[in-house]
Amino acid sequence: MFISQVDEDVALALVQPSFAKSYFSIVKRERDYLAEWLAWPPHADGEAFFSAFIESSLKGYAEGKSMTCAMLYKGEVVGNVSFNVISQSLKKVVIGYWLSKDFQGKGIASRCVTTLTDIAFNQLKLTKIEIAVATGNTPSRRLCERLGFSLEGVITQAENLNGRIVDHAIYGLTKPR
Amino acid sequence: MFISQVDEDVALALVQPSFAKSYFSIVKRERDYLAEWLAWPPHADGEAFFSAFIESSLKGYAEGKSMTCAMLYKGEVVGNVSFNVISQSLKKVVIGYWLSKDFQGKGIASRCVTTLTDIAFNQLKLTKIEIAVATGNTPSRRLCERLGFSLEGVITQAENLNGRIVDHAIYGLTKPR
Amino acid sequence: MFISQVDEDVALALVQPSFAKSYFSIVKRERDYLAEWLAWPPHADGEAFFSAFIESSLKGYAEGKSMTCAMLYKGEVVGNVSFNVISQSLKKVVIGYWLSKDFQGKGIASRCVTTLTDIAFNQLKLTKIEIAVATGNTPSRRLCERLGFSLEGVITQAENLNGRIVDHAIYGLTKPR
Amino acid sequence: MFISQVDEDVALALVQPSFAKSYFSIVKRERDYLAEWLAWPPHADGEAFFSAFIESSLKGYAEGKSMTCAMLYKGEVVGNVSFNVISQSLKKVVIGYWLSKDFQGKGIASRCVTTLTDIAFNQLKLTKIEIAVATGNTPSRRLCERLGFSLEGVITQAENLNGRIVDHAIYGLTKPR
Amino acid sequence: MFISQVDEDVALALVQPSFAKSYFSIVKRERDYLAEWLAWPPHADGEAFFSAFIESSLKGYAEGKSMTCAMLYKGEVVGNVSFNVISQSLKKVVIGYWLSKDFQGKGIASRCVTTLTDIAFNQLKLTKIEIAVATGNTPSRRLCERLGFSLEGVITQAENLNGRIVDHAIYGLTKPR
Amino acid sequence: MFISQVDEDVALALVQPSFAKSYFSIVKRERDYLAEWLAWPPHADGEAFFSAFIESSLKGYAEGKSMTCAMLYKGEVVGNVSFNVISQSLKKVVIGYWLSKDFQGKGIASRCVTTLTDIAFNQLKLTKIEIAVATGNTPSRRLCERLGFSLEGVITQAENLNGRIVDHAIYGLTKPR
């Protein structure tokens, strides 16, 4: 397992084949919860679904286009956080994440997003972080706001969640000069 | 030439190989003008550039993902207007266009965008039109506003114009019920 | 719909995804009639068959290798007429077509072939039209003869119509100098 | 070297990488002679040209679509003879060949075509042999006629020989019942 | 059939599509016998299995990477012998083979391997022959030893025979200077 | 940077794009030293060489076929160690490595190979480690011997080091039951 430590309890681990088992066990348990704001949970019907996701994520990492990590809490896989897009051309990344219901409220996602922000600004030398949140997803909008992101706009008809077309609140954080 | 008539003077023609010559002749003449808000004019170094563009545009049309048309004024190619994206899943299209400097001020682009809006709403049965305009591109922003589009937001670091990274004003028009 | 008008009643429309429905409705009604001289009708088991055909036809058009049109009569799709091959190297096209039984006898196919001949000679600057007709297909042979094509030969074992191997009468029309 | 013996002096050898050298040495010596009725000699600028030809020919053989042989005379490579097309669907093959000028007049090509005819009819169980000859290529037309092929037609604008567009005489031989 | 004669009774024939039938008829009869030291027999469920094998073998031959032959005894296909690898870079080939149980004890495999050794050393100008034999396959190990190959080592966990992982005895024969 | 700690001073870091710079700076300095037993140093002509290597290594990792790590000493990239092959089917891995001359003699490679051995046996649940060493590479052979690997054989003509064909000593370590 290849790790980037966030703090004593929390770490980011680059996805690896063996995580398919952990991801599937979360989704099996919390499918309805995760499906509220994610499109893929209804389709995640076995470990093979995540094996394919992990393989394709690592290929994106191989090409420098994305970086997909498990969030670890005390060594356990509890969610996923990613640079869904790494754009050298636009000097920005787009971040996405999901976290097991059972590990909400501990600041895990916030700490991971903060670490990724630091990587984007200081290691990758980029200047903007973007997060798109479905307008109705209040907890994620609050997280963006707490971390100092600005609301740049609300783009209508931006994502299809298994038949429900939702609007996206676009949040941005620009590197301080 | 396959045509969709807009009005007596103006028509949309699905791109075809022979248009490469017309496109290149406009760009050769107006490269600096077009490069102000488009990324490709500095790279358009011959008819072959447009032949490749046309081939790839027709493949997008073949797959139902996009539709790229020349704007004709009195039978002459004077610009380009496209569904850059046709998304059945999001029930929306994204429109883009450019028009020769010599043919500005005649309402050609407005009339073509209006026709595409009609095609999107009434033939393709979609419900939203989206146009992204660099924030500094006042004439295009005015066109969106005149046609009744709403400003949904300003997304920072949204396009790289040969080294200059610009923000996008996102305009949307929703089908009236 | 992108149109090239032939005369008041007849037009050529470049194939587009929405035609799959029209094609299938003709074939469902006239499968046996069309299967007499065409290989594909027994395999055309739904609109998806024509969607795939249209996508592949538009890719051929994108590459400048073919051009596939619906024949429209008073705005209705009544058949198909194509440059199956556009050969710049041999300065010729090969034409093929089929027409709904219900619209025979109105000169629709003749008028469309004449328009395509004009496009080949005058727009594409080619010098020969070739049409291959199964030897037993008397109506199509008559059409070629009426339009002034010469019989260049009878090539044996030239096409397999679902198990029946037929000979081809090859007709040619050379551009008058 | 894998061989199919024709008679004491003549054999067919399936093409193999080491033949590139022999083919190129013939073409270097007789380029003008061969270019009279073949399109490729002006482009055969080294052994690599034939290595690519041989690789692609063996792939055609691997797929059962063609079979390309060197003609051997007393163990020496003196030309090429092929099923350019093997069509199970039409129950026919198309034969093509070329022979070094220095080995003309010995009946080598005739004997090889006769052997291929036998293979097509008796091993592959096909029923027609087709040979296309440029109308001006009198020696090849005589060979077809001597071997009992019928002239099925003259197809105009059938081949481009480096800018010269020639007509094809199509010869056919049907398996006797 | 393209042949390389070994002696009066034995010949090598480059694989060709029609051999699929012969291969399958041996395997159907002797599946258990062949499965003792080969991985594929349990999967060879029809002629199509061998058609695919032959196509892929001929593509390897087309690329100069391998050469796969049927062993013929008095004109009948009785087994297979191959350069599984032809490495110009390492100046060596790797040989593999199998022979019908009914034709064991006649020296057929030995004679074919000797012929391939001669082709590798004298036609391909390579300097080493390598054969990997499962350690328990006594008859094949004896053949290598009789032909003067040296045992270079025993590599553990070298091949998976449908679930049984076996070690390989690696035999080598170097070209005498 | 994603890390797997070996001990206080030494760590394995999964390769990532930013390592291209570090790898190239070692190779530029020590090209002759590394070229003694590796084929690639003469071809490593810039950072792009290693960017391509890293991308392809991460794709191998994505597919579960290999795992390529930098060796870090006190946080600095000092060499590379990999599962060149991960074979679930044979339940083994093949390890390869190289280390900067300046960091020899500190046990870094030994400690990393020991960690990979542990990963292979205990995380991946495989049962054999294999290392191939050119026979003349005494330091690497000693490392294998010190770590308890057995010599399984010497395979002749096993690797081409820019024209010099060398033999491989194959070392194996089997998981104790």
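As written, the chain order gives the labels A, B, C, D, E and F, with residue 1 at the start of each chain.
Here is the rule we use: a residue touches a chain if its C-beta (ideal position, glycine included) is under 8 Å from a C-beta of that chain, and two chains touch if they have at least 3 such contacts.
To keep track of the chains, here are their UniProt names: A, B, C, D, E, F = GNAT family N-acetyltransferase.
Quick caveat: nothing in here was measured; it's all calculated off a predicted structure.
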item	value
Touching both chain A and chain C (chains)	B
Turning angle required so that chain B lies on chain C, C-alpha fit (0 to 180°, nearest 5)	180
Copy pair chain E, chain F: interface residue numbering same or different (half cut)	same
Whole-Å separation of chain centres (CA-atom averages), chain A against chain E	53
Distance from chain E to chain D - Cα centre to Cα centre, in angstrom	33
Shared-contact residues (touching 2 or more other chains) in chain D	none
Chain-level touch network, classified as line, ring, star, complete or other	ring
Touch list for chain B against partner chain C, complex	1-4, 12-14, 16-18, 54-59, 61-64, 123
Chain C-touching residues of chain D, taken from the complex the two chains share	89-92, 127-128, 130, 151-160, 165, 170, 172, 174
